[in-house]
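First up is the structure itself, then whatever we jot down about it.
Note that the chains take the letters A, B and C in the order they are written out, and that residue 1 is the start of every chain.
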Amino acid sequence: MSGNIDKELIKDGIRLDGRKPNELRDIKIEAGVLNRADGSAYVEWGYNKVLAAVYGPTEVHPKHLMESNKAIIQCKYNMAAFSVSDRKRPGPDRRSVEISKVIKEAIDHTVLTEKFPRASITVLIEILQANAGTRVAGLTAASVALADAGIPMKGLIQGCAVGKVGDTVVLDLDKEEDNFGQADLPVGMLNGPDGVEFVLMQMDGDMTPEEINKGFSYLLEAREVIEKLQRDALERKYSKKV
Amino acid sequence: MDSDDNEIVFPGDILGYDGEYRAGNGCKVIKGNIVSTITGTKVIKSNYINIIPIFGKYSPRTRDRVIGIVVDVGVSNWMVDINMANTVYMHPNDVPWKVDFGTAERYIALGDVISAKVVSAEQNGKVMLTMKEPPLKVLRSGICIKLSPVAVPKIIGKKAGMIHILKSTTNCKLIVGQNGYVWMDGEDEDLLNLIKIITFISENNLMQHELENSVKEKLHALGYKTEDEKEKIEEENTEEN
Amino acid sequence: MSDIVSNINRDFVTRLAYEGKRIDGRKFDEFRSISIENGLITSAEGSARVKLGKTDVIAGIKITAGEPFPDTPNSGILTTNAELLPMASPSFESGPPSPESIELARVVDRGIRESNMIDTKALCITPGQKVYVIFVDIHVIDYDGNLFDAASMAAVSALSNTVVPASNYDAGEDFKLPVVEVPVSVTAVKIGDNIMVDPCLDEESIADARLTVTTDSKGSVRAMQKGLAGSFTQEEVENIINTSLLLGQKNRKVIEGD
């Protein structure tokens, strides 16, 4: 977050890519795209291309991680070397490790892990092409992959981010906005009988409580749009005729 | 009131109130609401809302007949893969032979395919298998393919209609485990064709009637005649004579 | 699900092989369906996705500038890496590169390098000081046998549609990476005494030996790699080489066609 206002990221309420402050980028979701994995999903979100796969429930490796009364969630978020402008060296870096952790925790809250004692559910997220918002796109894809694998959950999780550019609260930052904007607030949302819960939340930058509040209202609207896309993807997989 | 509809429900969908209905398979009560936890079709039976899953691994029930693959052999026990998270333990008391200590391998070897029955399935994931009832046995020829348990009702069909068509036209033996593992045996050509057709059935989501027609078409294309066609030809031959 | 092949399945595939048949109905010298999608990753300088039957591989090309090797001061640098992603198979684990992933990268690299597919002299910016460094990153996302051919096809297709970002390095206009040859690998496995190409996972799991032969458009062999614990006779090797030349030509047309 440099907060460097070299570029005019927003002018007269229109962002660099033509979007209004509360507009999402184009999103496409497909379920069941891989053959070996128990569940999988592919998401195109703006210029992001994300693949998620689930294996589970399976035996726990290494054995010492096993829990006698529930399944453990193992999660790995990884960026492909070719996913960014400056090639990323293969292998986990500190950022990937942190993202893997917060996504795992979101999934742990949502999956009914007590149904599979002594088992493991592995969630793998691969970023093939990155353009900001990869962790929330990854979480969104992972949720569909879990449903595709038939893993019981409290609900589908929708990931999305809000932020601030040019002193304006905006929804779904793209790469330019993330690099040169003033704040970034990615979340994971789970809808339930009592309303929406946040199962993932991070923030960096500079936002007032009122701005955050406005951001939340954008996120709640976006959540419904994203959930519909997830459901449609699963329905299309189900009605697939070969 | 019992009902079923073909609408798909998703994890998180609110299907009714606890009290008005009861939470059955694939449902959970959250703050007094009956919520779906999986993707599937909704069936209401005796006031229980059940979701029939359209994705997922095997969920064992007592008396299910399953096909298993032996992945480990102990001194007098076996570990069997039946498409669950963990492999399942089979005890020497649950097989039709008297197994002396250290001789388990002689009766059922690593890599063997067996037909077995679920004796008990507990909440904590512990499953007990038996091979003691005939016709359960070690399957020593043929081939075993691994499908999803979701495909099982499609391959068996309403009133076992589909499995009957498959067996009678291809002349193959066929056992469909409730766990999604399928065993078949017959002439090599017939087996190869049967694998193709069963894979087609498991990968498609057609309505029962459409599916049966598609399968019959595919069987024709492969040169088979179904039972009723064979009967018809016999009739015509007898008439001519 | 574990990955043990059951005894009866092993017997079935072996018996079919003796009868000249394969489990998916193919002939011994027949490849599965091949689909190639080029340029799908726009963050990369070149990319391709290859589906060989159900095996699915994505290759991405990234180019930076760097110092040349001291013994080749006027040549660009090519380096290949392969990731066997855990999502591709329950038998692929996370962690440092496995011997399998290293072997895969090196064999694919060998085919490209030994066939002189890329004119590395054309990748010189300032002799002795600055050259282009080409990174070939192979990502296996779904595994159903024969990674060598799928990965090789993906890498070669990706390189064939790569644009060198010269403008980023004040070295003039961007230009298409000059490709002067198209190496194609053909992998065969031996089951009993029977040899068949493009093994699916069921075949690869029970094969005794495996041979990958990479050939160029002029009929020369540029790289070979034998794998698995079994062996080949001289006659078998010669036959496989001939088959690889023929099928290599066929598959080359598929790669160039896109």
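Throughout what follows, contacts are C-beta pairs under 8 Å (C-beta built on N, C-alpha and C of every residue); 3 or more make two chains touch, one makes a residue touch a chain.
Bear in mind the structure is a predicted one, so any value in this text is a computation, not a measurement.
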Q. Classify the inter-chain contact topology: is it line, ring, star, complete, or other?
A. complete
(Q) Using only Cα atoms to place each chain's centre, name the chain farthest from subunit C. (A) B
Q) Any idea how many Å lie between the Cα centroids of subunit B and subunit C? A) 38
**Q.** Rounded Å distance, subunit A centre to subunit C centre (Cα mean)
**A.** 32
**Q.** Length of the line joining the C-alpha centres of subunit A and subunit B, rounded to whole Å
**A.** 35
**Q.** Residue numbers of subunit A (touch at least two other chains)
**A.** 58
Q) In subunit B, what residues contact two or more other chains? A) 87
**Q.** Contacts with two or more other chains, residues of subunit C listed in rising order
**A.** 1
Q: Report the residues of subunit B in contact with subunit A in the complex, numbered from low to high.
A: 8, 10-12, 14, 26, 28, 30-33, 35, 37-39, 53-57, 84-87, 124-125, 150, 200, 203-206
Q. Which residues of subunit C touch subunit A in their complex?
A. 1, 40-44, 47, 54, 56, 58, 60-62, 64, 81, 83, 85-90, 93-94, 96, 135, 137, 139, 141-144
**Q.** Residues of subunit A touching subunit B in the complex
**A.** 38-39, 56-59, 69, 71, 112, 116-120, 147-156, 190-194, 230-231, 234-235, 238-242
Q | Residues of subunit C defined as touching subunit B within the complex | A | 1-2, 4-12, 15-16, 19, 21, 23, 25
Q: Could you please specify the touching residues of subunit B with respect to subunit C in the complex?
A: 69, 71, 81, 83, 87, 109-113, 139-144, 146, 188, 191-192, 195-196
